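Got a structure for you, questions after.
Lettered A, B, C and D in written order, each chain numbered from 1.
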Amino acid sequence: MSDSSAIAHGEQEAPHEEHPSYLRHHFESTEQQADASNFAMWLFLLTEVMFFGGLFTAYLIYRNWYYPAFVAGSHQLSIPLGGLNTLLLITSSFTMAMGVWCAETRRKSGLVLCLILTFILGLGFLGIKTIEYTEKFEKHHVPSWHYSLNSFLNPDSDKEARAAGDQPLPLDMARKTEVYFSLYFAMTGMHALHMIIGIAILGFMIFRARAGAYTAGHVTFVENFGLYWHFVDIIWIFLFPLLYLISRH
Amino acid sequence: MSHISPIIWQFLVKWMTNFALFPPEASRLAPQMDALLFFLILVSLIGLTIVVLLVTSFSILYSKQRHPVAEQIEGSTLLEATWTIIPLGLFLVMFVWGALIYFRVYTPPANAMNIYVVGKQWMWKAEHPGGQHEINSLHVPTGRAIQLTLISQDVFHSFSIPAFRVKREAIPGRYTTVWFEATVPGTYHLFCTQYCGTNHSQMIGDIVVLTPEDYRKWLAGSTSGASLAQNGERLFASLSCAACHNTRPDARGPSLANVYGAKLALSSGGTVTADDAYLREAILNPSQHITQGYAPIMPTYQGQVSEEGIIALVEYIKNLNSDYRIQQTTNTVDLLPESEGKTAGQAPAAKVPAAQGGVKQ
Amino acid sequence: MSPVNTIVSLPDQSTARIPRVNYLNKENGLLSWLLTGDHKRIAILYLISITFFFFIGGALAGLIRLELLTPQADLMATDTYNKVFSMHGIIMIFFFLVPSVPATLGNFLIPLMIGAKDLALPKINLLSWYLYMAGGILAIYTMATGGVDTGWTFTTPLSTHYVNTNVLTTGLAVFIAGFSSIFTGLNFIVTIHKMRAPGMTWFKLPLFVWAHYAASILMVLGTPVLAIAIVLVALERTIGIGVFDPTKGGDPLLFQHLFWFYSHPAVYIMILPGMGVISEVISTFSRKRVFGYTAVAFSSVAIAVFGFFVWAHHMFIMGVSNYAVLVFSLLTMLVAVPSAIKIFNWTFTLYKGSITFETPMLYAFGFMGLFTIGGMTGVFLGTSGTDIHLTETYFIVAHFHFVMVGGMLMAFLAGIHFWWPKMTGRMYPEKISQLAAVVTFIGFNLTFFPQFILGMLGMPRRYASYPPEFQILNVFSTAGASILGVGYLLPVLYLVWSLKYGEIAGNNPWQATGLEWQIQSPPLTENFVVMPIMDHEAYDYEWLERQKVKEVASVG
Amino acid sequence: MSEPREHEHHIVSPKIYGAILAALLVGTALTVWASYIDLGIFNPIIALAIACTKATLVVLFFMHVKYSTRLTKLAVFAGVFTFLILIGMTLSDYISRAWGTW
C-alpha cells in the first residue's frame, strides 16, 4: 500500500528548529496558533453579543410600552453606586489592558500586579452589586418575591422615589414595574454571572502568571481573557445608562 | 383560476372532496384560497416533473455505459440566470397573490356580525351578540359575513375551520379577529390547532352552518334571556362605571356614547381609533389610554372582570354607538327571531348587498 | 479492466491490507478515545452517540405512528402522547439533526479536505462532544423521570405556567447541547479561515466545506439567542419574572420571536451540511465538476445570510402585525431562490457526465426528489395566504419531514456510505445497501406523503386522537413508517458487519478528487505526512487522471 | 496558509491605554451629567451615543481591533450587524402593530 504521500508534489517540510513547548502539533507556526485562538475568541464574543442581544431586544420593547414604569423603576436604583461600579469596571478594563501589555513586553511582576488589581476591582464591582441586590430584596423589588408596589403607588413613603420627585403611578402602570425589575435582574444577573466566571479565571491566571507562564512569549491566553473582560465591560457600559439613567431630570 | 373552466373546477373540487383528498369548500373565501393552492400545486408539480425528468434522462443518457468519459463543463451563466429568475418571478407572484388572500381573511368587512370566542384549556366558548352561549360549537347562518373576535384565557390556542380555510390564533391578553361567510349549510370541524397542553386533541367542536331560517329558529331556541350588551350594561352598573362615565358636564370620565370607532386624542399625544382591542386595553390598563382632557384617575379592572365580562362590557360600549347599533340592527334584522314575520318576504333582497359587501370576486 | 457500470476500483483483495498504522489503532483503550484530541476519533464518538439518539428518537416516532393508527387515544393517554411527540422533536432536532452531518462528517472531513492536521481547537472539539453527551444524557434522564410535554417549541405561557413536567431539565439539556453546537461551529470557522493548506484558496475549497462554513455562521450567531430565550423561560418558571407573562405585562410573542430567531436558521444549520454532502456525491459519481461551482458556493452563503431575515414566517397567524407579515413573507420568497439554484445546478452536473449508481448516488437522487418536494411545499407555507389554511396542520409536519428526514437524513446516509471507506478502510456491501436506499425512499414517501393530504384536509398536528375520516391516510402513514424503520435498521447492520468483513477499500475507491481521498484509508492520526499543496481546482478529474498516469509512469 | 497578516503583532503603548481610560471616565461623567438635563427625546439618544462611543473606544484600543486583521474587523462587524437584525426586525413587528390593522 502506498503511504500517505500519495500527493506527489507535497513539499517536504523544512526540518524545523526546536518548537516552543506551547506550539501544538497541528499548527505550523506559533503565529498561526495565536491567530487561530484569537479569532476563535472573537467568534465566541459574537455569540455573547447575540446572547445579550435577546435581553436588549426585550428591554427596548418594554421600555417603549411601559415608559412611566421604567422611569419609576429606574429611580429606585442608586446612581452613586451604579456610577462607582462603572468606574470600577472601566478601571479594571484598563488594568487588564495594561496586564496584556506587561505580558507582551514580558514584565512578570507588572503582569501579576495588573491581574491582582483587576481581580480586586472585579470583586469590588460584585460587592457593590450585592449591596444593590440586597437593597432591592429588602424593599421587595425582586419580581414575584412578595413583590411590593408601595414605592410606586406612594412615592412619598419611599426615600429614593421622594428624592427623584416621583408622582404616584396608577395601579396598572405600577404593576408594570415588575417587568422593569425582571429585566433589571435578568440583565445585571447575566452580566454578574459573566463577571463571576471572569474572576474565577483571573484567580487561576494570577497563579500561573506568578509561575511565569505568560511572560515567556506565549501571551494568547492573557490576550483572549483580556478580550472577554473588555466585552463584559462593554455590556456594562450599555447597561448603566439604560437601567440607571432613565429620565433623571 | 376558477374562471378558466367552472365545470372542470367544480368537477375537480367535488371529486377530490368526495375522495377525502380535499376539504369541502363551505365559505365564500374557500374557492379563492383553493385557486391559489391549486396554482401552487401546479407549479410544484411542474417543477418536480422538470427535476425528475432531467435527472432521469441525464441518468439514462449519460450513464457510464453510454457515456464513458465525462465532458467537463464549467457552468453557464445564462442557464443559471434562467433558473434564478424564473423561480424568483414565480415566488413573487405567489407572494402577491398570497398577501391579497391574507388581507382578505384578516380584514373583516365593516358590516360583519360579531361573535366573540374565548379559548381556554380545553374548550371554546362562543358568545353571540344576542346573549346565546355555546361551548365547543358555533352556529352561524349562511350568506352573512361573520367576524370572530378571539381571545384566550390562558395559553395560545388556534381557532381553525378547515372547510372555511380560516384559522386564527387566540392569544392571551389580546383580541384577534378573523371573518368568514359560510355558503353551504352543514356541520364542519372546528379544531384547536395550536398545541395547548394535555387535552389539546379534545379541544374540538362543530361549526354548524344553518340557513337563515334555521338560524333564526336556533337563535330563538337558545336565547338566555338577555343579550350580550344587556349583560354588559348590568356589569357596567355593578362596577359603577357610570359614576364617572356619564354625560353630566362635570363628569370625571369621558362619555362613552359614540366612542366606539371614533378617533380619540390621547393625553400622551397621538390619536387612536377606539376599536375592540382599545376598549379592552382601556379597561385593563387605563393609565396608558387616557383621553385628552381627563385626569388619569381610572382604576384598573385587571383581575376583577373575567374575559367574558370584558367582552360584555365591550359589546355594551359598542352598542352605545348609534351608528354601530343601527348598522348591526339593519344588518341582522332578518335574522332576529322576533322579526320573522315581517322580514321573511324581503330577506332575500336584503341579503344580496350584505353578501356582496365584503368580498370582491 | 473495471466493470462498465461502476467507478469503484479496489486494490487486489488477496494482497491488500488495512494500513498498519492509522488513527484507529494508533492508541488503544477506552481512555485513548475519551481523551482524544483527534478530530477523526471525535467524529467517530459523535457518530456512535448520534446513532444512539437517532434510534431513541426513532422509537418515539414509532410510538407516535402506532398511536395514530386508530382515531382514539387508545395506545397511550393523551398526556403520554404529548410527552412522546415532545421528546421525539427535542431529541431528533437538538441531538440528531443539528449535530448529525457537521459533527460527524464535518468533523472528520473538514481538516482532511483543506489539508490540515486537525481542527484549530482540538480540546474545544472534545469539549463540544462532552457537552453534547451531557445534554443528551440529561434529556434521556428527563424522559425517564416523567418527560416534558411542551412540544419542542417550549411555547410560552404554556411552558412557563401551565405544565408541570420537566421543562427546566429539558431546557437545560437543550441549552447545553446548544453550546456544543456553538463550539463546533466556531471551531469550523476558525479552521476554515486559518488552517488551509498552501494553495487552498477559497474557490478551491470543496463545496462541502463551503456549506459547513455557512452553517457554522448560523450556529455561532443564532444559537445564543435560543440560549437566552431558554434562560428567560427558566427564570420565569422558577422565580416568576415577567418578561413573557401576559398577566404581568409581558408579551408571550416575544418568546416566539427569540425562539424562531434561532430555530428558523436552525433548519438551515440542519440542511446546509446535507447540501454539502450532495454536492460531493453528485460530482464524484458523474465524474464532473459541479455545474456552476461559484453559484452553489455563494447560494450556501446566501441561504445563511437570508436565513436570519425570515423567522417570523412561523408566526403569520399568531398576531404579529400585518405589515411584518408582508415583509417576512417577501423575504421568505427570496430565501427560497438559492435552494432552487442548488437543485438545478446539481441536476445539470449530471449533464454530459459519466454517471454510475452506487449507494451514495441513490441516496443523493432521493435527496433531490424529496428536497424538491419539501422545498416547494415550504413555499406554500411562506405564502401568507395559504399559510393560514396549512399552518399547524399535518402539512407542516409533512413539509419539515420532507426537508429534514427526506433531505438531511438522506444526505447523512449518502455521506456515511460515501466516506465509510475513508473512515474505516473497508467498503460497505453494495447490493444490500442499494436495497436499503430504495426501501428508505419508498418507506419515506409512504409515510409522509399522506400527511400532506391530511394537512390539506385540516388535520391538526400534535393530536392524540382525530376524527375518524382521517384514519385511512394515517394507516398508510403508519405502514410506511414500519418500512422506513427497516430502511434505517439495515445500514446499521451491514455497516457494522463491514467493519470486519468488508472489502479493503484502498486510498481512493471512488476515484474522487478531494484531498481526503489522496491519503491512506483510514488516515493517519496526523492526516498528512507531508504538507499537501493544492495546485488544482476542486473537482478536477483531469488532474486525477494525470496523477494516475504519472504514478504508473514512475512505477514503470 | 492563512490570509497574509497586514500587521505584525502590534503592541499598544500604555500611554494610549491611559488616554482611553481618561476618555472613558469623562464619558461616564458626561452621561450621568447629561441624564440630569431635560433634553426630551434626546436624553436616551445622547446616552446611547455616549455609550456607543465608549464601547467603540474599548473595542478599538483595549481590544486592539484598530491594529487587527481585516478578518477580526469583519467579525466585529458581523456581530453588530446580526445584533441589529435581531433588534430591528423584531421591533419592526412591534412598531407596526401599533399602526392598527391597515
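FYI, a contact is a pair of C-beta atoms (placed from the backbone, for glycine too) under 8 Å apart; a residue touches a chain by one contact, two chains touch by 3 or more.
Note that this is a predicted model, so its numbers are computed, not measured.
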| item | value |
| --- | --- |
| Interface with more contacting C-beta pairs, comparing A-C to A-D | A-C |
| Middle chain, criterion being Cα centroid separation | C |
| For chain C paired with chain D, centre-to-centre distance based on mean C-alpha positions, whole Å | 36 |
| Cα-centroid distance, chain B relative to chain D, in whole angstrom | 45 |
| Centroid distance [mean C-alpha coordinates] between chain D and chain A, Å | 15 |
| Two or more partner chains touched - positions in chain B | 103, 106 |
| Touching two or more other chains - residues of chain C | 193-195, 198, 221, 225, 253-254, 257, 261, 322 |
| Where chain D touches two or more other chains at once, by residue number | 1-2, 71, 78-79, 82, 86, 90, 94, 101-102 |
| Contact set on chain C toward chain A in their complex | 11, 16-17, 19, 116-122, 124, 182, 186-187, 189-191, 193-195, 198, 220-225, 227-229, 231-232, 235, 239-243, 248-251, 254, 257-258, 261, 506-507, 515, 518-520, 523-524, 526-533, 535, 547, 550-551, 554 |
| Interface residues, chain C side, partner chain D - complex | 193-198, 217, 221, 225, 253-254, 257, 261, 308-309, 311-312, 320-324, 327 |
| Chain C contact footprint on chain D (complex, rising order) | 1-3, 71, 78-79, 82, 85-86, 89-90, 92-94, 96-97, 99, 101-102 |
| Contacting residues of chain A [partner chain D, same complex] | 28, 31-32, 34-35, 38-39, 42-43, 45-46, 49-50, 53-54, 56-57, 60-61, 64, 79, 83, 86-87, 90-91, 93-94, 96-98, 101, 104-105, 223, 226-227, 230-231, 233-234, 237-238, 240-242, 245-249 |
| Contact set on chain B toward chain C in their complex | 20-23, 33, 36-37, 40, 43-44, 47-48, 51-52, 54-55, 58-59, 62-65, 67-76, 79-80, 83-84, 87-88, 91-92, 94-95, 97-106, 121, 154-156, 158, 160, 162-163, 165-169, 171-174, 176, 189, 191-202, 204 |
